[in-house]
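Each of the next two complexes has chain A plus one other chain: chain B in the first, chain C in the second.
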Partner chain A sequence: MTYEITNPPPDLMVLVKGRLDTLTSPQLESELEPSIAKSKSLVLDLADVDYLSSAGLRLLLTLQKRFKKEGGSFVLRNIQPGVMEILRMTGFLKILSVQ
Partner chain B sequence: MRGTFQRWLFLFVAVSFAALFLLTFYVQTREAYKDAEDHIQLRLEDVQKQIRISEKAALSILNVYNASVANDVRSVAYFLQRCPEYATNNFLLEELRKCIGYDEIHIINEHGFIENTAVNPMLGNPEKYIGFNLRLHAQSEPFLEGLKQSDFVLVQPPLPRGLDRKLFLYSGASRKDAPGLIQLGAAVDFLESSLENSRLAQLSPSLRVGTSGEILICRGEKVIGAARTDFEGRTLASIGFSPEHIAAFVQGEGEFDETIDGIPVFGLYMQSNNLTLIGIMPEFEITQKRNGMVVLLVATCLLLTLVVFISVSKLVQKVVIDGIDRINVSLGKITAGNLEERVEERGSREFDELSGGINSMVDALKGAIAAEKTRLDSELDFARAVQASALPQIHTDSRFEIHASMEPAKEVGGDFYDFFRIDSSRLAFLIADVSGKGIPAAMFMMKAKAQLKSSLLSGQGRSLDQIIAEVNDSVCEGNDACMFVTVFAGILDVNTGEMVYVNAGHNAPVLRKNNGDAMWLPVDNGFVIGGMDGVEYERQSIVMEKGDGLLLYTDGVTEAMNKKHALYGDDRLISLMDGPIMRSAPADCVLEELKADVKAFADGAPQSDDITMLYLRYLG
Partner chain C sequence: MNVAVTLQFAADKQKLPEVLDQLDTNLMSAGCPEEARMQLAVAVEEIFVNIANYAYSGKPGSATINIKADAHQAVICFADSGFPYDPLKKEDPNIEQAAEDRPIGGLGIFLVKEMSDEVRYERRGDMNILTIVKKY
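This part shows the complex of A and B:
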């Protein structure tokens, strides 16, 4: 997994590439933490993410709760079909904003 | 570390050489001025000595001249004794004067009065000397002694005379023919100037000091001798000496700094025989040698700095930094988890000790980890046993049969299932998958499982969707770690075959129709349990017919991987379930078939997730 910050805080945009699994999700979370702390909105571009494990779902849930609590916005975009299926099946589409 | 070391090394070397440079510059400057001073002093003394020698030579020339003058005057006395008419005859006396080449001849009587005279017409009228009384003048008075002695001869030193103050030399002798005196007078300007000229002519080649310095010989403020001919005859002020220096020059000796023709010079001065000697040397000549020395020193210092800096930093790199770098690489591997890495940096006692220390520390760590792992393994085995014992496996009835199996992965997983009767007609069953693995997942699973069971058992009067929403709210409480669980839960009325179900983010079960194909059970994709409170769920229902089966499973089945990292997948699952064998097979056989197919697919690839499945068959 690699990532690239395409727009700095406070309107943070991050392009994520690779798998979001048990190993990479906590890594992404901790590395993005300083930027997220300064942001009021976050857009995660998942165009290059082809796999999302339950740890990845947990990361999305954590981010969703956090931005909701602080009145910010958290949006996912460019979701691949496989990942979209996981989000659909687990009901995550019901709580997440997707472009 | 290397950068820090190099910075300090560079600073140290640079400061040392800067100090050396400044010290050398200072010492060389002092030496240069001292050398110049010594040199000028020696030259001044040489010139002084030569002036003295010249003075001495001039004095002896003067003595010879005086002796010849004494001879002349004595000879004239003898001549007049023989030819007394020359003393009385004015014309003859003039002839005599011309003949001997003197400017004046005076004949003085026994009373000291000039009674006859012959004078060079260029110098004036002889008449004014007649009757001149020698007693009346200090200069001529000494000659009166000749009136008392018969062999008196006197040659006076040259004295300035008249308005033009030209030097004039008088000599006198007592007369032999009669009482009285003879006096000869001669202008001797030529003598003085030729003496001085010969003196300076001798000296001028030796008036150079160094290559561009020189010695000025001054009488009063006037330069009478110098290496530079254009200085000769000029006053010191016109050359460029300041009035206070000029005032000091006549006093004695000392040193001074002055600017002549725009060039700074250093100089010494001294007195010699009423002359002032001034030695000067341009400062550029004084500092020339020092500058050469300094340039050489700077070049040597720079070269040395470079050599010292490069060699010391290379040495430190080789002896210390490379070793530390290699140790750091090993430490990096150890930190990354490779406890088999050994640090083998030898070559010095310190590195031996460091390597040994790290190796023993890693060994101790390995021992501790192994011990901890043994303890953890036994605890995990225990946890797995507890987990497994909490799960029922078979439940059969005349109206239905239900079988379930769970093959845990190596790590304690979060899959679980459950089934139990709510009352005499209703059977509750469920399957769930907790996000994450390990002890936290297992604990969360226990909590969710207990909550589901207690809510389903006490759910009289409430619909299944309400019960699941209640479980969700309850599980969400205090769930700071954001763990969640996907659940499929159903309640079968064993009398009517109606099955009510709610899906909370779980995989859709497979419905195996006894009279048709295998198909996905239509499910609403409700949100997972534990993710967010206040979520609502949708209740769905179907009626199961005799022989219909329902397969519940977790993603451990559909995401089982083979060695090529391919997934087992939904398609393979549905096509297996669609097979004719599955149509009327007992529940345990269906599960065995499925497990065997997953195992065959995996082909020895390690199992990464719990493989959990539950099959409910309605017997009518």
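This part shows the complex of A and C:
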């Protein structure tokens, strides 16, 4: 997994590439933390994410709760079909903002 | 092509990339389509990480993964000699809950069931045996 910050805080945009799994999801969360702490909105571009496990779902839910609590916005963009199916079957499409 | 392999790994989540690489290579040889390979990888990750995190209570142990696959279905069998544990007894999460009410986590075994056509658990001697079957 790699990522690129395409827009800085406070309107943070991040392009993520690769897999969001048990090992990489906590890594992404901790490495983005300094930027997230300074942001009122976050867009995660998942165009190059082809794999999402429950650890990835855990990260998305954590971010959703956090931005909602602080009155910010959290949006997922460019989701691939396989990842979209996982979000659908776990009910995540109903609780996340997707573009 | 028919694939039948037995792989053994230390029950350590750092081994996950190796587990998923070997799974993908074998499923690809069997002619398993891409979408099914991704879904099986999700199921295998959840089960392997469960074994790594909980089966041996922090002590070293191993996980054996047997893969039998052809162009139509995969049967993947996990064996560990950790504490007796049937993950299928865990209640499914409520996927209709609002974000603020949903617990963080608890989706792993639910995903395994969703990604598979059949999931079976048995305790055989001192082994936990979990088998998933997926048709494609």
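Everything below uses one rule, namely that the second predicted complex is superposed on the first by the 99 of 99 C-alpha atoms of A that agree within 3 Å, B and C clash if a C-alpha of one lies under 4 Å from a C-alpha of the other, contacts with A are read in each partner's own complex, and residues count from 1 in each chain.
FYI, a contact is a pair of C-beta atoms (placed from the backbone, for glycine too) under 8 Å apart; a residue touches a chain by one contact, two chains touch by 3 or more.
Bear in mind the structure is a predicted one, so any value in this text is a computation, not a measurement.
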**Q.** First, second, both or neither for A:T22, with chain B first and chain C second
**A.** both
Q) If you stack the two complexes on chain A, which partner ends up touching A:R58: first (chain B), second (chain C), both, or neither? A) both
(Q) A:S41 in the overlay: touching chain B, chain C, both, or neither? Say first, second, both or neither. (A) neither
Q. Can A:D50 be said to touch chain B (first), chain C (second), both, or neither?
A. second
Q: Answer with first, second, both or neither: which of chain B and chain C does A:T90 touch in the superposed model?
A: both
Q) By residue count, is chain A touched more by chain B or by chain C? A) C
Q. Can you list the residues of chain A that meet both chain B and chain C?
A. 22, 54-55, 57-58, 61-62, 65, 89-91, 94-95
Q.
For a test of understanding, state which residues of chain A touch chain B in their complex under the given definition.
A. 22, 54-55, 57-58, 61-62, 65, 88-95
Q. Mind pulling up the chain C residues that touch chain A in the complex?
A. 13-14, 16-17, 20, 34-35, 38-39, 41-42, 45-46, 49, 95-100, 102, 104-105, 107-108, 110-111, 114
Q: Provide the residue numbers of chain B that touch chain A in the complex, in ascending order.
A: 433, 435-437, 482-484, 486, 504-508, 525-528, 531-532, 535
(Q) Per the contact definition, I'd like the list of chain A residues that touch chain C in the complex. (A) 21-23, 50-55, 57-58, 61-62, 64-65, 68-69, 81-82, 86, 89-91, 94-96
